[in-house]
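These notes concern the structure reproduced below.
Chains: A, B, C, D, E and F, in written order; residue numbering restarts at 1 for each.
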Amino acid sequence: MKVKVITLGEVMMRLSTPGHERFLQSDQFNIVYGGAEANVSVSLAQWGIDTQHVTVFPPHDLGKAATQYLRQMGVGIDHVYTAPGRLGLYFLENGSMQRSSKIIYDRFDSAFANFDARQVDWDLIFDGASWFHWTGITPALSQYAADMTLAALQAASSKGLMISGDINYRRNLWQYGKGPLDIMPELIKYTQVIVAGLADFENCMEINSSSYEEACVAAKKAFPQIKYITSTERDAVSASENGLHALLWNGEKLLKSKTYQMTHIIDRVGGGDAYMAGLIYGLLHHKDQEALEFAVAASVLKHSIPGDANLVSLEEVQALVRGEHVGKLLR
Amino acid sequence: MKVKVITLGEVMMRLSTPGHERFLQSDQFNIVYGGAEANVSVSLAQWGIDTQHVTVFPPHDLGKAATQYLRQMGVGIDHVYTAPGRLGLYFLENGSMQRSSKIIYDRFDSAFANFDARQVDWDLIFDGASWFHWTGITPALSQYAADMTLAALQAASSKGLMISGDINYRRNLWQYGKGPLDIMPELIKYTQVIVAGLADFENCMEINSSSYEEACVAAKKAFPQIKYITSTERDAVSASENGLHALLWNGEKLLKSKTYQMTHIIDRVGGGDAYMAGLIYGLLHHKDQEALEFAVAASVLKHSIPGDANLVSLEEVQALVRGEHVGKLLR
Amino acid sequence: MKVKVITLGEVMMRLSTPGHERFLQSDQFNIVYGGAEANVSVSLAQWGIDTQHVTVFPPHDLGKAATQYLRQMGVGIDHVYTAPGRLGLYFLENGSMQRSSKIIYDRFDSAFANFDARQVDWDLIFDGASWFHWTGITPALSQYAADMTLAALQAASSKGLMISGDINYRRNLWQYGKGPLDIMPELIKYTQVIVAGLADFENCMEINSSSYEEACVAAKKAFPQIKYITSTERDAVSASENGLHALLWNGEKLLKSKTYQMTHIIDRVGGGDAYMAGLIYGLLHHKDQEALEFAVAASVLKHSIPGDANLVSLEEVQALVRGEHVGKLLR
Amino acid sequence: MKVKVITLGEVMMRLSTPGHERFLQSDQFNIVYGGAEANVSVSLAQWGIDTQHVTVFPPHDLGKAATQYLRQMGVGIDHVYTAPGRLGLYFLENGSMQRSSKIIYDRFDSAFANFDARQVDWDLIFDGASWFHWTGITPALSQYAADMTLAALQAASSKGLMISGDINYRRNLWQYGKGPLDIMPELIKYTQVIVAGLADFENCMEINSSSYEEACVAAKKAFPQIKYITSTERDAVSASENGLHALLWNGEKLLKSKTYQMTHIIDRVGGGDAYMAGLIYGLLHHKDQEALEFAVAASVLKHSIPGDANLVSLEEVQALVRGEHVGKLLR
Amino acid sequence: MKVKVITLGEVMMRLSTPGHERFLQSDQFNIVYGGAEANVSVSLAQWGIDTQHVTVFPPHDLGKAATQYLRQMGVGIDHVYTAPGRLGLYFLENGSMQRSSKIIYDRFDSAFANFDARQVDWDLIFDGASWFHWTGITPALSQYAADMTLAALQAASSKGLMISGDINYRRNLWQYGKGPLDIMPELIKYTQVIVAGLADFENCMEINSSSYEEACVAAKKAFPQIKYITSTERDAVSASENGLHALLWNGEKLLKSKTYQMTHIIDRVGGGDAYMAGLIYGLLHHKDQEALEFAVAASVLKHSIPGDANLVSLEEVQALVRGEHVGKLLR
Amino acid sequence: MKVKVITLGEVMMRLSTPGHERFLQSDQFNIVYGGAEANVSVSLAQWGIDTQHVTVFPPHDLGKAATQYLRQMGVGIDHVYTAPGRLGLYFLENGSMQRSSKIIYDRFDSAFANFDARQVDWDLIFDGASWFHWTGITPALSQYAADMTLAALQAASSKGLMISGDINYRRNLWQYGKGPLDIMPELIKYTQVIVAGLADFENCMEINSSSYEEACVAAKKAFPQIKYITSTERDAVSASENGLHALLWNGEKLLKSKTYQMTHIIDRVGGGDAYMAGLIYGLLHHKDQEALEFAVAASVLKHSIPGDANLVSLEEVQALVRGEHVGKLLR
């Protein structure tokens, strides 16, 4: 069976200072493009999965460059819209040791956030697709974006797609007059695979628990269509070193992955998106525990790569799952 | 007499592709800061003039970096305000030969444009100052910015400062519901030195003439406080080569500067601001024709320097006016 | 009518020294990808033309990066094959003034050159296509590549496509035991639009003439299917400055384009390919003289852009044809 | 109470190889400016403290660039002198693991070292100031510099400023005919806060002890005006990893800070100056133990930042003291 | 006694992505030159040893640049030949943590591999020389290269030189129809110092043993001229961290070096060659255990330096052997 | 006959801002090494001439890097001395158009200037040599350097070498108490080929004439050993464009070379040294007019190459003399 994954979300230009320079000292930015949902499509495309990313760019050259980026990475752009407005941006400063990495967002009022998606033909988009992935960032941007997410979910659901949603609650979004509890429960109703930490349960589902498994059970009760709930857990020693493992609740039990020590982090942005992509790939191809191990290994590799995108091959993820090649020089 | 110049305007982060790369192919931007009015203060500061630039930055690290830039260049920052919002940006692609240079602005909704200046103490700002410079870009940004410009002009005028204004009409600004004719005439009324080309006369003063001198006479009639009207004239052979001279009407006659051939342009952005700074310096220190020659020589040198700022010394401008050192290797 | 253009040829990694550094002094190379035929598809893709580039890459990461490049530029990669072997390379040193630019090729024994194309389904490739473009570089590489070109031409011809061929004779290719006269005439027989200079006529068609028009008439006599013969003519003042115009013989008369003076050349590699792409676009959309002017304007703009690819929009070429925007700063 | 800190010392251009390149392989240097005392002012300026750095630069463009640097960082330059001579330089090669970092100084005969400070109006400089900081590097450079230090200390002392001195004995300075024991004791007499390790006690105060606390007691006996003696202690695992803590003797007892493990050092130059700045800030605002913790946390953060300067905010240091944010991605 | 070392082998251009970029994302390569045997000469030249490297380059500018590199590093180039063909290349992507470093070789059909060495005057080359070093890479390239190695060994042996050989079996070489067992035993017969791991024993000497010491004894039995057998042992925690020690069997017993933990590896390529150079230097100047310690310390330092070459001084290696300076800032 | 050329002079580290950045805005320097006399040896080495450059470096890594540079370029370093002190430096800012290029020297008190050359064995150095080249920069640095020059000249003269001297009067040198007239005439007495402009005649030979030919005749009268007097003449249109030709007086008549227009100068530093090297090469191999044409063509090519060194081949210079290849793309 041919798999096809649809993702929906804003793609921003990312401007990062070179090396470990601070914003206050750098006169140069490195440019890539990224967004929580597009990053998932990019990962999946590296592994041979057919993808389409639904997004909106301004019609100028920076929007074209962002489109080119998706195309370069192998992501389908059949449903990339252009509309007046600006390209969302984010500025990144890479931390080190006790100094944290920092992001300054500059994404308000973007062409994406202000896009009226009512003319979008979601049936066409989801035609032949197997999976739809969204995140809680999109409905947090604007009423337009929240409406677009709901419309997409309804169409995907009616087409019978598997649907995953990364709750990803961020306090500094949600500035358009609605709160997460106004919007998110309605969207979660359509979603079978949920990425959520305890704060997400609390802020977006009004589920308060200090036990992850209990929270999962409560979520399932409130949203019975849920099949999987998952989260990565990070042991943040410093900006340079983290431990990483993940949890996957499959309705029956809470699976836990192997823990990896990431001792020389190059770039942690997109680590969660790499996990999500790994989980989609894994659930489409493997049993639950294997899927989980694939996902966390994918996320670990992301931390070794500059940029938002997890530019690793299937073979590289699989080798790490098996513990092969680590520390070798591959010739 | 100690001279002190006050400038008012937005300062943007400028992101330019390296070398002659196009937006579509670059993965790096060089960062400087600039704005039509701040560029004037930077030029003047290189020549030992005491300056203060009045502007507004967001309170995050990019706003701090912009503040640092002004301070580095020797511009006074006693009246730099911080307010919520974003930092205005512009993206620059350097052209070459038959390919034009291109700017993509991303400045709407900036901390500057949304700043309510009613609490600003203009009397304090203008205390001890000799000259105030504004441009038509500021009132084109927002009602707030237009109000701020008017308040500044009224205070500067009541303090007896010399006032210069660069009309600088840009069609793609003026998006907040007012047109230039609603706003500009009221501001021009306070201004003694006007930078205006024929299109500016037409769009901002309703003066239609194909003769520069006639337009000047008409402007003086409409705005009797005007003492000087000036403009640079560019013979644009290509993106790499321009001829440049300038005109200065002093109420009596139209003076014309020497013409320079700029055969290997490095960066033309800020060329007009360098001219304006040169003219302010010139009119403060020299007779009209000398002032004009100083200003155009300053502008020519700007075209040889990357960035918005005209980082040249007084001695360098003076030597060019005298035709000295050109083509020499200075040891 | 939807237009679709197929191109066939090797794509090499291009490694160029930064700025004007010589091979002997540089410790860094800038990387892009290019090839005479792919460059044509890249140009056409910028102008909204549907393209597919047929080529072969090794299965390692550099081959993937080259594939990504084509995809980024908007070129179709449905018929990009992978096969064992190496990626062809070329090293470029940019000259200046009296110092010439230099290319060192390292393309022998590439995956492309050694690819046995007998299993390629040319009918599928040309299905729905309107135009096929090849160059004399491909048959000069190896017997395999010559055979592939012939097979492609036969299929394209039987499908009724318009066929263009850039003769592009290069003495230092043709190392596999055959000479151009053994191979090229057979290939030219299928071709309606020929790019050829006087040396090409001589080496690949045995037509010796010092008059371009006479050579065209002789070529038509020998190859009656020819509809157009064309060539750019370069007045090479120095590595930094060239004059450029082009000739187009349409079976009736020899049209000559406007001459452009290119005074600050950034990168001349790919200038001919940009012309070819312009001519294909022009002949598909315009009358002969207009097509010619479009093509030469496209080629001029290429000389202002680093890399092999002519990253210009339709609007930019059209504006140059009309003489608009030259030397302007586009905001 | 408004605090104002005066620092005195040479500012050098620092030329460092990029990344981990050795001097023997690099064809590029990154440029910043730094000096033990100016680094203190730069740190303090980041935290909102009013500073003035007293130094001397040559009158050429490199001297201007150094002045601009201080201004950019927010340090007062009212008392920066220009005098003929050269700009002191130092070359830095960043080590890694078992390979040590290396500095080559090229600072002899600088404009600073040869500056006759007799005309300096120290009373004016110290007017309204609260703290004066000097180091043992200055008197080690030349008789002129030693005289300048003494004159500054006498004036600061008579004005009642708090005075700190970093003994910082370096064997390869002191080349002008005097030794540290000829000069330093006289300077220490004016100083209340002393930074000294055991080797400094021995070389500059003739105090030999293997116990830090005993040495402090002996120093207090010899120099009764002393209020604090302090030192950082480094557990140098490798060039990439150090442990760091600090000691502060306050006349009563020896306080010890928390120990930090710095596992991925970016740049250790200026770590001691960051500590000193932190201690000045701490002693001005906090009790002794808190001051010490602030200082060592500031120093730790410095090790994560390229360049001499500790570009961290007050909030960042305070958060580290509280153990917050470590390993987080700040959005 | 003046020592002179001769090395023989291909020198390739190494093209590595900057920082930790993957091949799939980089548009720039850093260029150095290297080869297993030339790296040994470069190391030895840093320590004042007279060296000559015998190799072959194509006659174009890249061959010249490679020659310049050897000369720059202080290696003798009296016996560098030029011959038609290409320069061997290898592409390097630096890994990090769980992501392995990757090399793509592009060295087939190089000028070196295709060089007919029959006219080489080996007697002249070895005149006055004390040591000859070869590796198993050369005979694996082509019959020509295998023949050249044999001829060199015969000449070196008849001149009484000490001969070392790094077996260095690589499966993906040996593509010219011969296997290692066809060629290597004959070459090993001339060699006194053998670098071999267990896989090398098996593949090139048909000695199968899981005990290093037993394998050594067996090798000595088969090749009685052998005096030393040695190998480094790597504990590969990750691409960023390795433990390293080495073994040296001297015919009597198996010596083991100190173990070093390399916690922040910059570049591991050439680590083995640095060890070999250290061992040659050590055996020429020290007793066995000291030689071993020198060699492994040299190798450790290599891992901190970008590029193939171990640019460290004798003093630096000696200090590390003594455990001095580690973690210090050398001024 | 084997030719061997000896040059004597200081080699400085050159630190230049990238592109056209000013000192005031750059945070990076590109590093090469150069000196008027070493540049001559580097040029000659490119053309296969055996050279030795006599100079002095400090014993640290920057001195080693400078030595490596000479070796890389193929210059003999058998007589490179090390002595305590600093490495001379110069900082370069590349101008453009009306903005002049600027050099800041920082070369006083260098290891070279303070080197007591009395122990140098000049007879050994000049053994087998054919030509000695010196410039007026060396005796202008210090009494030591003047003495060294004289000793070298006496030895070279007694050995019968051809001797060339580039007078190269620079007012800002000569700071050690002697003037050019105290020193230069004695040195000129040993010199057969003199590079001198009218200012050099005046300042170093007390010959005042506005006619170049008359000055030559007068010089020959005063210094009868002179065989050739020569000078380049520059028509400095701007920093970006110069005309260049040269004059050569051979005792009989004044020869004038072809004039070249250099329209896009990349780097003019070393242009005179490239001329000198060309003249030495030319006079050793050709008749006077041909030698002159070779020399000026060599100098023209230098202006197209970044750095001090004229990295061009014999074939490239010869082709330019013949007017070939100009504006071609060499494949």
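Just so it is clear, a residue touches a chain if its C-beta (ideal position, glycine included) is under 8 Å from a C-beta of that chain, and two chains touch if they have at least 3 such contacts.
Just so it is clear, the model here is predicted, and its values are computed rather than measured.
Traced through touching neighbours, the fewest hops from subunit C to subunit D number 2. Hopping across touching chains, the smallest step count from subunit A to subunit E is 1.
Of the two chain pairs shown, A-C and B-F, the one joined by more C-beta contacts is B-F.
Rotation angle for the C-alpha superposition of subunit B on subunit D: 180 degrees, rounded in steps of 5. Look at the contact of subunit B with subunit C and you find different residues on each copy: under half of the numbers used there are shared.
Chain geometry summary: the mean Cα position of subunit C and that of subunit F are 45 Å apart.
Between the CA-based centres of subunit E and subunit F the separation comes to 41 Å, rounded to the whole angstrom.
Touching of two or more other chains is recorded for residues 19, 22, 24, 27, 68, 102, 264 of subunit C. Taken as a graph of touching chains, this assembly has some other topology, since it is neither a line, a ring, a star nor fully connected. You'll find the chains touch as A-B, A-C, A-D, A-E, B-C, B-D, B-F, C-E, C-F, D-E, D-F, E-F.
On subunit C, the positions that touch subunit E within their shared complex are 15, 22-24, 26-32, 60-62, 64-65, 68, 86-87, 89, 91, 93, 102, 104, 106, 108-109.
Interface residues of subunit B, counted against subunit F in their complex, comprise 19, 260, 262-266, 297, 300-301, 303-307, 309, 311-312, 316, 320, 325-331.
Listing the residues of subunit E that touch subunit A in their complex gives 19-22, 24-25, 95-103, 105, 170, 172, 234, 236-242, 264, 268-269.
Only residues 68-69, 71-74 of subunit A touch subunit C when the two sit together in their complex.
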